[in-house]
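Both complexes below contain chain A, partnered by chain B and then by chain C.
Then we have the complex of A and B:
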């Protein structure tokens, strides 16, 4: 059984409910006969992917939706075998190179070359180029991005790339300049409410306006999350009222607990307890940067205004270190310790004269 | 090297008897295992003949003899036995380790209590072969603590003969090719061992009943188990030993050398421990030999010096003993090397044996200088846990002796630390063969336990230094091959930063107390996280009716919780649950691990004490 998110996902550009201006432009682009490389960016849950799939449909017709999943094996220079999954239709393929971590360069190079060297099989296709959609493009390593850039130059007649990213900041400038940047902004709360209402009508859910607004607010303008929450609330409660509780995701609840513990006591022993919880989060594959960010936002309301800039600064500092290092727990814990230390000295009235 | 023994004129050499008995026993009971002892016999006989005819050795001796003689000479020079000029009538050939093998209980350097323990055990077994007593004794200890020597000495004391199993020499590939061309099938060492044990169990050693030796009681000595790699061979060996313990009727001693203890992360080390445990569970007695104390080694060394009449000073012996680390074999070999005249190697070029012998003049003893530097002995090694213990306990002098030093760079009060009560951290790291990554992980896992209750500032300092070490280690991630040199420098720098960071940062260490060192949970977390990730990646493709193919982080952060809420999402909920239970299982593993670590740490303390 499909989730509501998947069930009611708009299939065509016409069905998209918000950013109609952008949708119209994408349609025009698809119909213009030529198509540039795209770099679609925007926050998570804004509808990037949905738009791209709809655009592809506009480009090639409904054939794009007949997809199959391929499992490909690549060999690295050190003879390691990498298994890699590809979602493909006759006209396009979709890859997530960050699945293979540091070896993404190999995948990007080999796969794109292979695609680019073969022409469109279907002679009746509307376009003579194929499209490769690259998910999580901002997680590509520098090497992979460099490889991507060269591929873009060399094989542009046969190949169009659509990169999906949360922000352009991790994408190297040459790629940014070679692509058409398309920003998909997060939907406003009202727009989310409308979507929820429409879905609710289709599913014959009881419509509670206030609850929808609450969900829209809690979701952080993330439509996917809003829909998931909406479904969860309606699945858990027989009769949905305004006061129905929207549970936060379990990991978020855990981070809130961690924040409480950190505020409560500032000792090495407490760090150990926090560590166990952090490990729990990491085991469930919650990204470390997300943990740090969420933790910071949970901590900030609990401390004095005077400390806030300092804490934000340290949070940013350790977020950077998480990106540079390999053992995220070291840096997460360093942040926890730092926070405890700053708070402790503040409470004891000691000015920090160094660091 | 035992072949020299045949030439020793000491007639009352009980050990030698054992030796020949054991070899003859073996040749009956197990003709397949070719050990050094068995092979040495014919050569020894030849030598005896040769030495008998040495006085009138002349040109008429056959060519073959000459060649053999040359070989022998070469051998002698090579073995470096021509050590001391003042040899007292009997010959000086052979390694001192073999020559001064303890022949009686008094000569053993092993602690009296341990010897007594083993002796009592043997006496009990030999006196009455009651069924209820287990007939297997496991002796553990590091190398060179006299495990086999004790058995031999006790056996000769009790008038028993020793039948010894040595792991057969490995067969190299060429040899194997040669063998198979001549029709000899290759049997794995494990197979041979299994066969041997099988035979012992079924028939005992009575195959040699025709000879007189069988009247004297026999003890079986299994020195060093066959090498096992992989689970299958480990299980075979385990069941084989289990059977042996339960059914053997001959008093059997199994020697386990725990040389792998130094890094307990090693797989084979754990296997050995497991094996030991299994043997004990099957009812075997266990005696653990500690490293030999400095005093015993010194006593033995000076005895040898007296007998060899080489004048070494007490300090030199002291140094040798200290540097041997409780390994008496090492100590004796070092002593022999130390007493070796540097010029004796010249004889390598000389073929005439008579001159070789005439060159040994007493006055050459004096050529040994007092200032002879010790270029031998082994480097002190530390186990990883020992080193970690040092870093974590962070022992420091109580007052700063350096405080009055004028050259001292002026430091702020908060940066001052008392001097360390240990070697330079880098040296300790080197001795423990510490790799930067595991060291950092271990320190990270454990350091918080060693901090005082309210030292949150210290905790931060340590955490940030460990973070620095991590950054250093990940600088060249994925480019190891290209920048090997840089990688090495980085590794040692990172280790240094981690260790020194912990030492410096932990400004208020807890007073020394017993505390177990845990294995980094991080490793387990990384594994299970990877497993969960793979699980989810897979699920992303086949779980949904229409593959939505979202970002990975979206799956973990948004879809998974919803699946949990919904309680349905058959794929989602169940698998996460599984992952969680897996997680719990691994947690159990941790507990076991930490238990092991506790053990190993306690043994470390023992070592420290003596």
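Then we have the complex of A and C:
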């Protein structure tokens, strides 16, 4: 059984529910015969991908939905073989180069040239060019990004790129200046409620406005998360009401527990206890950044305002370290220890004041 | 049937100057190359400078003007970062091309056709140091029959032994005047209506990068039709609306962490890129009259650190919130960090 997120994913620009001015613009672009390279960016769960798939359909018709997965082998200069999956229709391809880490340049180089040098197979195709969708473009290495530059200019008759990213911060300037920037903001809480309502009607769920609002709020404006929560709540309750609980996922509950523990006691023994839980989270493939951020959000409401900027500072500091280092557990634990220390001296400082 | 071939050409390509003399604002290199067209003398060249200032354009133009369409293929090798240019390619493909002897100089079909070949290494800053080193010999050995054109954004990435063998030209960011006149020219050709305000907005947001200006112009024309306002241009450029920046500053000035956090949350959910936000904060802070030098220094230091962290791939939300809470402390003259020994 498909998840609601997939089952009710809108397939055409007309059916997209929010940002209707953006949909209209994308439609105008697709119909203009003058479709540019796009750099589509926005937070995750904002619906970038859905919007792009709908745009492709506008460009080529329903044929783009007939996709197959190709497994391809590329060879690096050091003769290493790389296996790589490509999702493709007759009209377009979709790749996630960050799957091959530092070898992404090879894939980008070889694949794009190949696409650029072959014509559309379908002579009745509505567009002369093929589209290559690049997922997680903000994770492309600098080398891979550099490899895109001239390709985007030179092969413009046969090739259009659609880059998807969470932010443009990590996209080099020469690429930004070769693309049309399309920002997709997260839907507002109201917009999320409307989507939930619509999905609920199709599924014949009981409509509880207040519950939807609560879900929208808890989702942090992430539509994917909201739909998952919505589905869970309706699956777990015979009759949902305003008061139905939307339980957080297990991992989030565990992090909340860690937060309580490190506020309560600031000792090496406690660090050791927490370590086991952190390992537990990591072995369940919760990304270290997510752990650190979630922990931070659980801690912040529990401490004095005066101290909040310090905790953010260290959280940002150790998150950066996580990116640079290889052993994420070190940095998570360092944050825990740092937090205890800062809190401890803050509390002592207050006591001193009263002396 | 493939429809609409003509109009699907991006304007950056359509309006790429075909002749060296049409390259705007880079007078020195234009003068030297115009001279080359007469004398056919040409040293190895190194073009460097920011994106969209005409480097690739100039190199392609001179190559075409020297050899004409017939000889171009056999006399010019153009390699860019999308081509493999590792050490092996330098030792084989590049060397082989460089080694081929060419006939003596005589004009053909109105083109000077000098007795050498040209190898254009575009985006050369992405070549490894090893590959660059391997080029040294080739450059020397075949300098009679081959000229090299290196093109890059950052001259510091080109190893000294290569750079020192070239005549170096820095491509300057285009001035607002020149930018405006190119844009007006294109607008006229494309039948667009651009008022004075829009024109100056476009020149200033593209910061000397003409390709960016042309891309924005074409994007705005596609999306908003032939009458284009400064607002349309700002919306396609990825610049964050000024009121968003102001709101964050106001929240920081209030000294209330939760307010600042709420703004940061909103900025990230709206999808505004944090690196862009940092540069716009910087602009506002530096120019503000009601912020002391010491406060400015504190804020700017943090902005620089956060910018570096973002380049390393750090989390955008945490970085912006760190900047915001630091800014809050600076603006409210709170101590930098809670006084505990470290």
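Quick note on the criterion: the second predicted complex is superposed on the first by the 346 of 355 C-alpha atoms of A that agree within 3 Å, B and C clash if a C-alpha of one lies under 4 Å from a C-alpha of the other, contacts with A are read in each partner's own complex, and residues count from 1 in each chain.
What we mean here is this: a contact is a pair of C-beta atoms (placed from the backbone, for glycine too) under 8 Å apart; a residue touches a chain by one contact, two chains touch by 3 or more.
Computed from a predicted model, the values in this text were never measured in an experiment.
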| item | value |
| --- | --- |
| Clash or fit (per the criteria above) of chain B with chain C on chain A | fit |
| Which superposed partner A:324 touches (first chain B, second chain C, both, neither) | both |
| Which of chain B and chain C A:82 touches, first, second, both or neither | neither |
| Partner chain(s) touched by A:22 [first = chain B, second = chain C, both, neither] | neither |
| Touching partner for A:46 - first (chain B), second (chain C), both, neither | second |
| Which of chain B and chain C A:313 touches, first, second, both or neither | second |
| Contacts of A:267 with chain B and chain C, given as first, second, both or neither | first |
| Partner chain in contact with A:179 - chain B first, chain C second, else both or neither | second |
| Inter-chain angle, chain B to chain C through the CA centre of chain A, in degrees rounded to a multiple of 10 | 90 |
| Which superposed partner A:305 touches (first chain B, second chain C, both, neither) | second |
| Smallest distance from any CA atom of chain C to any CA atom of chain B, in Å, after fitting | 8 |
| Footprint overlap on chain A, where chain B in one structure and chain C in the other make contact | 324, 341, 345 |
| Residue ranges of chain A in contact with chain B within the complex | 1-3, 5-6, 9, 44-45, 49, 67, 69, 78, 85, 87, 94, 96, 98-99, 102, 135-136, 222, 224-225, 228-229, 231-232, 235-236, 247, 249-251, 266-269, 271-272, 275, 279, 282-287, 290, 318, 321, 324-327, 329-331, 333-334, 336-338, 340-341, 344-345, 354 |
| Chain A contact footprint on chain C (complex, rising order) | 1-5, 7-10, 12-13, 50-52, 56, 80-84, 86, 88, 122-123, 126, 153, 209, 211-212, 215, 218-219, 222-223, 236-238, 256-258, 261, 268-276, 306, 309-319, 321-322, 325-326, 328-329, 337-341 |
| Parts of chain B lying in touch with chain A, wherever the complex brings them together | 414, 440-441, 444, 448-449, 451-460, 462-464, 466-467, 470-471, 473-474, 477-478, 481, 521-522, 525, 528-529, 532-533, 536-537, 541-542, 544-554, 556-562, 564-566, 568-569, 576, 579, 583 |
| Chain A residues within the chain C interface of the complex | 25, 28-29, 32-36, 41-43, 46, 77, 108-109, 112-113, 120, 123-126, 128-129, 139, 142-143, 146-151, 153-154, 156-157, 166-170, 173-174, 176-181, 183-186, 220-221, 289, 293, 296, 300, 305-310, 312-313, 315-316, 319-320, 323-324, 341-342, 345-346, 349 |
